[in-house]
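Common to both upcoming complexes is chain A, partnered first by chain B, then by chain C.
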Partner chain A sequence: MSVATIAGHQLHVDGEGFLTEYDEWDEALADELAARIGITLTDRHRAAIRFLRNDFPARGETATLRRVAVVGGIPVKELFELFGAKPAKKMAYIAGLPKPRGCV
Partner chain B sequence: MSTVDTQEAPVPDFGGAAPGRSLAIICSKGNLDMAYPGLVLANAALGEGVPTQMFFTFWGFDLITKSRMRDLKFTMLGNTATHLPQGLGGLPGMTALATHRMRQQIAEIGVPDVPEFLDQIVDSGGHLWACRMSADMMHVDENDLYEPVEGIISAADFIEKTDGAQLLFI
Partner chain C sequence: MGQVVILGGGTAGTIAANRLRRRLDRDEWHITVVDADDEHLYQPGLLMVPFGEYQRPDLVRPRHRYLASGVRLVRGQVELVKPADNLVRLAGGELLHYTYLVIATGTTPRPDQTPGLLGPQWGDTAHEFYTLDGAERLAGALQRFGGGRVVIDVVDMPIKCPVAPLEFAFLLDAHLRRRGLRGRTELTYATPLPGAFTRPVASQLLGSMLTDRNIIVEPDFMAEQVTGDGIVSYDGRRLGYDLLVTVPLNMGADYVADSGLGDELNHVPVDRHTLQAAGYENIFALGDANDVPTSKAGSVAHVEAELFADALAARLHGRPAEADFDGHANCFVECGDGRALLLDFNYDTEPLPGSYPVPGLGPFRLLRPTRLNHWGKHAFRWMYWHALLPDRPLPLPARMSKAGKHVPQEVAS
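The block that comes next holds the complex of A and B.
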């Protein structure tokens, strides 16, 4: 873990660039993170990101695509449309959370 | 201790899978426990941006046959990994009990049953194919199959469709 800059902010990140401190994230940073991977956030993107953020503290792990679909109510098909290939990892990155570790 | 570094943070590499990488999974088993490895791996591959085609053949046909796909069973018989005496598996009701227990365990970890799992795979862009020879053997046609199955095709057709793919036989 190291401190590095993203859009002028100093933030804790892991070797790949995922944020490691839950509280260092805010909605404005989400736009910056999304832009870095070529995504412009819409309200639907934000709904998915918000679900991930709200789900994380109690569970201590990032929701899988299936959990976002079943519990968060955003269909898997839509998540692929919104985020393209590797949607679970991209959502986690934009939400400032670790990569999901679940298999399904 | 974190090190202070004012460098620009790295951007994770989300560029899809390796160019040209794709996966072909042949599902030949109809037991509940043997349905899952193919489904889990197909789902994982699709989530990583790897185009995936599944071919259901022989007993694997049960996974995509409407009248059977909700009723796959797990038996202890011939499976030493249960670490229970083999004779137990042959007692009346043991297959039903073992199946019930396995379904519970699968549901407890948030993994869907077979039809719902196939829905998720299709929604993630996966392709499902049924084996022509199995359909002929079991006297079933498209109407008997789970709807998102794209067609009943020969083994040769599947090999053609998966040219260059990595292959998994289950």
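The block that comes next holds the complex of A and C.
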């Protein structure tokens, strides 16, 4: 774990740059993180990110694509259109959450 | 009289019932197991059915014979649980009242969840081996197979026995070599994971075992739909096939969702140490049916059932005991040509090389293909019926030990 400076904020990140502190994130930071991986957030992107943020505290892990689709109501196809290849990983990065575990 | 009702008489349900029966007074507690049928299937054996090594009679035994006397088996399809009333409803309307409820109805392959998979090719050129019927159909298809493109695809995670599709790939490679068909066959392993397996050390090793065997790995492949001769991912990749072997989406029983007890895959969210269903004092979920972040495997179902039964018995006897499951999973991985390797891991520690169960001595080697591991896996079928299900002591630890294991240098740093 290390500290990175993003948009003037000191943030705790893991080896791959994923935020490790849930509370260090806010919506403005999301735009910044998205830009770093070449994504400009629209309202549809933000809806997905918000679902991930709201889902995380109770479950303690980042929602899978299927969970975003079934519970969050955003089809997997759309997530691929919005975020491109490896959407689960990119969404987690933008939402300031741990990389999805990929299940065991 | 208290009532413990266990839904599902598979690995976890059977072990939990038998252990609880020994620990609870017969005059105070009734124990009931509900299952849809009386055919207990040894699921690890399914892997060998496509290659003609096991047949139906080798793998199926009457369920009731493995339940201790004093455990009642009710045959019926569970249709609904009403937690507010402590009631279970079976198809046909029969109601069962419970004091404690144990959900152990496992998880099953659902090819209906992938558009196109159940088209005309299903059972002809598209197959699965997670059910006995499916594995038998695949055996027929492999006998007819004369070379071509084979795609092995895992639709989505989690699946039970996450190493089974890898084992299938290794065994198929060996099978085709034996039959002189390997040169005429292109073998592809498509997975939604970024590599062969989730945990780094094992993923590296298993991944290179695939490429060493000339099996093409197609990572991050999330299947969107299947046609008569191709499988297409959400990001637009298309893998053409002459023979498709899928592991369809695995989902818990529908009644779990209908009863408001499940997540998006009908698995029951539980406390990962006590296995108590989130929000319910008297409901627990064991084995494949729950959502704990470790492998869905018989070895896990076994350990969970034991720890749960001991904790519940202690609680009912007024002793303070909490189950404290650590995610311990332990899997033999068939590698083909009579060798297997062994993985041992838990919530916090990934599979590492070393020896098992006795540190330094073994006899089994972790993360290294050996003949003895292979025999260990085969001997397990006997152990399953004669020691595991009857809940006789096994010479295996419930908790994971790190002794006798070593972290490879490149991963440790």
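Everything below uses one rule, namely that the second predicted complex is superposed on the first by the 101 of 104 C-alpha atoms of A that agree within 3 Å, B and C clash if a C-alpha of one lies under 4 Å from a C-alpha of the other, contacts with A are read in each partner's own complex, and residues count from 1 in each chain.
The definition used in the following text is that a contact is a pair of C-beta atoms (placed from the backbone, for glycine too) under 8 Å apart; a residue touches a chain by one contact, two chains touch by 3 or more.
For clarity, every value in this text was computed on a predicted model and none was experimentally measured.
Using the contact criterion defined above for the overlaid structures, shared-chain residue A:I37 touches chain B, although it does not reach chain C.
Of the two partner chains, chain B is the only one touched by A:G15; chain C is not.
In the superposed model, A:R101 lies in contact with chain C only, and not with chain B.
Contact with both chain B and chain C is seen for A:R67 once the two complexes are overlaid on the shared chain. Of the two partner chains placed by the overlay, chain B and chain C both lie in contact with A:K86.
More chain A residues lie in contact with B than with the other chain of the pair chain B and chain C.
Taken together, the two structures place residues 64-67, 69-70, 76-77, 80, 85-86, 102-104 of chain A in contact with chain B in one case and with chain C in the other.
Considering their complex, residues 2-14, 16-17, 40, 43-44, 47-49, 110-112, 117, 120, 123-125 of chain B touch chain A. By the touch rule above, chain A contacts chain B in their complex via residues 1-6, 10-13, 15-18, 36-37, 64-67, 69-70, 75-77, 80, 85-90, 93, 102-104.
Across the complex, chain C is touched by residues 59, 61, 64-67, 69-71, 76-77, 80, 84-86, 101-104 of chain A. On the chain C side of its complex with chain A, the touching residues are 156-158, 162, 193-194, 198-199, 220, 222, 224, 234-235, 263-265, 269, 293-295, 329.
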